[in-house]
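The data blocks that follow each hold one structure.
Paired with subunit B in one complex and with subunit C in the other, subunit A is shared by the two complexes that follow.
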Partner chain A sequence: MDPSEVEFLAEKEIVKIIPNFSLDKIYLIGGDLGPFNPGLQVDVPVWLALNLKQRQKCRIVPPEWMDVDKLEEMRDLERREDAFTPVPSPYYMELTKLLLNYASDNIPKADEIRTLVKDIWDTRIAKLRLSADSFISQMEAHAKLDNLTLMEINTIRSFLLDSLNCMYKLRSNLQPGSSKGQLTDY
Partner chain B sequence: MSDALSEDGSDINQDDSREEDVMTPVELIAKLEEAWLNEKFSPELLENKSEVVECVMEQLTHMEANLQRVKKGDAKASIHRMEIDRIRFVLSSYLRSRLQKIEKFFPHVLEKEKSRREGDTSLLSPEEFAFAKEYYTNTESYLKAVALKRMPPNLQTVDMLKAVPEPCLDSFVFLRVKERQENILVEPETDDQREYVVDLDEDSQHLMRYRTIAPFVSSGAVQLI
Partner chain C sequence: MFITDIRKEFYEVVANQRVALLVASDIDALCACKILQALFHCDQVQYTLVPVTGWQDLSTAFLEHKEQFKYFVLINCGANVDLLEMLQPDDDSVFFICDTHRPVDVVNVYNDTQIKLLIKQDDDLGVPSYDDIFRDEEEEGDDSGNESDEGSEPSGKRRRFDEGAIERRIDRQRAKREWEARRREILFEYEQYEYHGTAASMMFFELAWVLTKDTKDMLWWAVIGLTDQWVHDKITRMKYITDIATMQRHVSRHNHRNEDEENSLSIDCMRISFEYDLRLSLYQHWSLYESICNSCYTSCNFKLWTLNGQKKLQEFLADMGLPLKQVRQKFNSMDMSIKENLRDVIAESSMKYGMKDIRIQTFGVHFGFKNRFLASDMVHATTALLESTEKDESDGDNFIKALDSLSRSNLECLHAGIDQAKKKLMAIQQTVASCICTNLILSQGPFLYCYLMEGTPDVKLFSKPMALALLSKYLLKAFVHSTRNKRCKLLPLIMAAPKDVEKGTVIVVGIPPESETSDKKNFFGRAFEKAAESTSSRTLHDHFDTSIIELKTEDRSKFLDALITLLS
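And now, the complex of A and B:
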C-alpha cells in the first residue's frame, strides 16, 4: 500500500475547527456536517479542515494528545517499555505530519511536537524491526500486533511479507514429499 | 441554491431508507472501504461486491446530478465535489485492484468460475467475467502469433492453468479482528514445531497466514490491514 493511501485514510479522522464563516448543515454522503458559525467549534474530517485552512476559512484546534507534556510522557513510556504502548490516535504520525505542515500556526510549540512524535516513531520502528527479526529467526507462524498503527505496519509490509514468502518456498522445498513444496513460480 | 442542495441531501437519505432499511449511506461507504482494503491485501481474488459498487455509483450519480444544478463557486458544492472525488478514488482503486488480480490469475479465476455450482454467487461481476475471458483469448492468440505457431506441432499447445502461477494462499497477511474467533489452528512452520491454537480477540491485530483466516475475511469477521 502506498503511504499516501494511508494518509488518505488518516484524512477521515475528525478534528475540531473554529470557522470564520457561517454555513448551514451540509448533507454529505458520508454523514452530515455543520452547521458552521463563526467562532463556534465544529467537528469536521481532516480533509475538509485542511482545505478550509488553506483557504484561510478556519482555525484548526489541535487534538488533545498533540501537546508537549503528554507526548513527552508517551515518549518516556515508549522508551521504558519493551512492548508497544497504546498510541493516542491510530493515525498519530500522519495527523502530526498533515496538521504541522498545513496548520503549524494553529498548534502551539509545533517544532517540539514534531521532534517528540518523530522520537516516538523512531523508538517504535526500532522495536518493530527487533520483533520482525525474532519472528523470522524463531520461524513463528503467528504474531500478535496490538497497538501497531497502519502506517507502522505499512513501513515493513512489503519487505517482511516478501521475505516470509521466499523463506517459506525455500523451506518447503527442503522437506521432500510435502505437497506444499511445489514451486509456484515458473 | 443552498436550499436545493440540503433538500436533495435529505432526499438521498429518505430514498435509501425506503429501498433498503439495512444500509445507510454512511455504512455503505464504510462497506466499500472495507472491501477495498480486503481486496488490496488478500492474495487471491475475493467475492465481488457488486451490490455495494452499484449503490455507491448510484449515490455518486445522484449527487453529481444535483451539483449540475448548482451555480459555480458555491461553498457547499465544492465540499460535495471533494467528497465525491474521495469516494470515487476508493471505488476506482477497488475495481482496479480486482482487475489487476484477474490479469494475474486469469486461468485460475476462470476455472473457479467454471466449477462454480448453480446458485452459488459468482466471484466475478458480469463485466469482470467478460474482461477475464477476453484477456484469456487475447493472451492465447498473442502467444500463438508470436511463438507457438513456429514450434513443432507437438509443442504447440500451452496449458494456461500450469503456465500462470496460482495465488499463494500461504502468504502472510496483517489483520484486525472485528468479531471474536476462538480456537484458530496455527500450522507449524517447520516439522519440529507443534501446531497450536490461538483465540482472536475483538480489535486485536495479528500477522498470520491467509489460508488460516480466509473464511473470516469473506464472512467479514476480520479486516485485512
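And now, the complex of A and C:
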C-alpha cells in the first residue's frame, strides 16, 4: 500500500469545524452532512474540512487529543512501556500532518504538537523494528501486536514480508536430503 | 461610471460568470491579479488570465476572447483612453477597469452601461463636469425645426421675422463656438499631465476585506503593490505615507488576531510587521557594502562615481565603526553585535553626511526560520523576473514566472529573482557612473537628453520600459547632485536606448524634473504625440504609460528637434 492511500483513508475521519456560511443538510453517498450555520460547530469528514478551510469558509477545531499536555503524557507512557500503548486516534500521524499543514493558524502551539507527535511515532517505530528483528532472528511462527495503526503497519509491511520470504527460501534450501527446488513444510 | 459598492456591483455580478482578466505588465497589476485569483479560487469562479503589454496586445486579446466572454476585468490598463472607441465591443460586453493611470478618459467616466471603473472617487480626480464637455445634440434639431416653421408664415411678416431669426441664429452659433473653445481648454488642462492614483492591489484588497475573505497573503500582496508604486517613483511621498498608514491599520488588525502569550502561532505562519527600515535596496540579501554602493539614494548623495565619493564612503563606514571585512560579507553572516543597532547607527551617521531620509516606512514579512523579506526586496526581485532578457523566454513566460514568485511556496523563483535584481542594480549603477563621467547628458534647452549607444554594456537590460525608467530616474538624481548649473537641476529628462537592433527602433522615456516636492505629473505623453504628428516620425505609442514610446532610429533627430520647438 502506498502511504498516500493510507492518507486517503485517513481523510474519512470526522473532525469539528465552525463554518461561516449557511447551507441546508446535504445528502452524500457516505452519509448526511450539515446543516451548516455560521458560528455553530458541525462534524464533517477531514477532506471536506480541508477544502472548506482552503476556501476560507470555516475554522477547524483541533481534535481533543491534539493538546500539548495530553500528548506529553502519551509520549512518556509510550517510552515507559515495552508493548504498544493505545493511540489517540487510529490515524494520528496523518491527521497531524494534514491539519498542521493546512490549518496551523487554528491550532495553538502547533510546533510543539508536531514535535510531540513525531516523538511518539519514533518510539513506536523503534519498538516495531525491535519486535520484527526478534521475530525474524528467532524464527517464530506467529506474533501478536496490539494497538498498531495502519500507517505503522504499512511502513514495515513490505520489508517484513520480503525478508520472511527470503528466510523461508534460505531455510528450505539448507534442509539435509532435499534436492534443489524441492520444498519441505514445517 | 464609478462603482460605489464594489461587492454588489462588481463581485456579485461576476461571481457566477466566466470572466476574462486582462492584466498589464507591472508589479502592482501582478499583485492585484494574485489577490483577485485567490478570491476567485475561494468561490470557484471560472476565469481566463491574459497578460497584455500594450494597446495592441490588449486589442488582440479582446478580439480573441470577445466571442466567449461577456465580462472583462482590466487591471492597470484601459482607463486613460476611450476604450469603446478603441475596442469596438458589442453592446453587451461589460468592462470593469481598475487602473492607476490618470487622468481617466472622460468617455469612460460618463458611460453608464458598459464601462465600470473600480476607482475610488476620493482620489483627487478632477474630472470636468458633464455639462462642460457634452452637449445634447437635440438643440440643433430644434433650431432647424423652428426655421422651417417660421418659413411657412405669411410673406408680409417674413422680413421682420427673418431678421429676428437670423439674429437668434447668429447668437446661438456664437454661444456654441464659445462653448466649444471652453471645452477644448478644459479637456486640454485635464489631459495634459499624466500621473498615477491609488494602487490596484489596494483596491482589490479592500474588496477582499469587504467580503471578509482577506488573508495575510493578500495583505502582503497589497503592500507589495503599494511599494512598487514607491520604488518606481509613480506616487508622491505624501501619498505613499498616507497609503502606508492605511495598510498599517490592516496589518495591526491581522496581527492581533491570534497572537497571544499562551497560544503562539506556528513559526511557519506568515508574520507581517511594520518596519522603519533603511533605503538600501536588497541589503538583507547582499553585503552591506554592495548595497550602499548600488542603492540610488546613497550612491547619489556620496557621488560614488568620483574618487572623492569613494573616500567619503570609507569615512562614513569608519565613522560608524564598521570594519570593512564585516561590511563586505553577506549580511546574514555579519556579527550579531553589529546587526542589532545597525539601523540606528546608520541613520545617525547619515545625518552628518547630508542624508536625512535614509529611513523609510515599509513592511517586512517573516515566515519559517530563514525567510525574511522587505516589501522593496520583493518588488525588485519580481521586476527583474518580469523583465528578464534571457533568450528563449517570451513575455508570457516571464509574466507567469514573476506571478509565481509572489507565492510563498516558490522561494527558489524568488531567490533567482533577487539574484537578477542584484545584477540589474549593478548594471544601472555602472551605466549611471559612465554617463556622468563621460558627460553623455546633454541639455537641449527645455529638457535634458541622454542616448545609450548600442555598444554600452548591459544595454539589452534597458530595452525594457521599467528598467529604462528606473535608470532614467537614477540618472536624473545623480545628475542633479553632480551638476553646478542651477537651471539644469530643474529640467526634465528624456532617455533613449536601443530596443530592437534588427528593426532599428529605440525606446524613449520621458520623466518629470527631480525635486523634493514634485507631484510626479508627467507631460511628455502629449508632447510626444504632438512631436510625432508634426514630423510624421514613425512612432509606436503602444505602452500604457503614454510617456514611453518606440521610435525608429533614423527619425530620432527630427523628433527631438520638434520636441525642442514644442516645449520651448
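Observations on the structure shown:
Operating definition for what follows: the second predicted complex is superposed on the first by the 175 of 186 C-alpha atoms of A that agree within 3 Å, B and C clash if a C-alpha of one lies under 4 Å from a C-alpha of the other, contacts with A are read in each partner's own complex, and residues count from 1 in each chain.
The working rule: a contact is a pair of C-beta atoms (placed from the backbone, for glycine too) under 8 Å apart; a residue touches a chain by one contact, two chains touch by 3 or more.
Remember, it's a predicted structure, so these values are computed and weren't measured experimentally.
The superposed arrangement places subunit B and subunit C next to each other on subunit A without a clash. When both complexes are overlaid on chain A, the residue A:111 reaches subunit C alone and has no touch with subunit B. Looking at the shared chain after the overlay, A:29 reaches subunit B, while subunit C stays out of its contact range. Of the two partners subunit B and subunit C, it is B that touches the larger number of subunit A residues. When the shared chain is aligned, subunit C comes close enough to touch A:56, but subunit B does not.
Touch criterion met: A:100 reaches subunit C, while subunit B stays clear of it.
Legend: residue contacts after superposition of the two complexes on their common chain; A:8 is shown touching subunit B, with no touch to subunit C. By the document's definition of touching, of the two partners only subunit B reaches A:142; subunit C does not.
With the two structures overlaid on their shared chain A, subunit B and subunit C come no closer than 6 Å at the level of C-alpha atoms. Across the superposed pair, subunit B and subunit C touch subunit A at no common residue. Considering their complex, residues 41-44, 212-213, 215, 258, 262-269 of subunit C touch subunit A. Interface of subunit A with subunit B (complex): residues 1, 5, 8-9, 21, 23-33, 47-48, 51, 135, 139-146, 148, 150, 153, 157, 160-161, 164-165, 168, 171, 175, 180, 184-186.
In the complex of the two chains, the subunit A residues touching subunit C come out as 20, 55-57, 100, 104-105, 107-111. Against subunit A, in their complex, subunit B makes its touches with residues 2, 5-6, 8-10, 12-13, 25-26, 28-29, 33, 40-41, 59-60, 63, 75-76, 79-80, 82-84, 86-87, 89, 93, 162-163, 165-166, 168, 170-174, 186-191, 193, 198, 204-209, 225.
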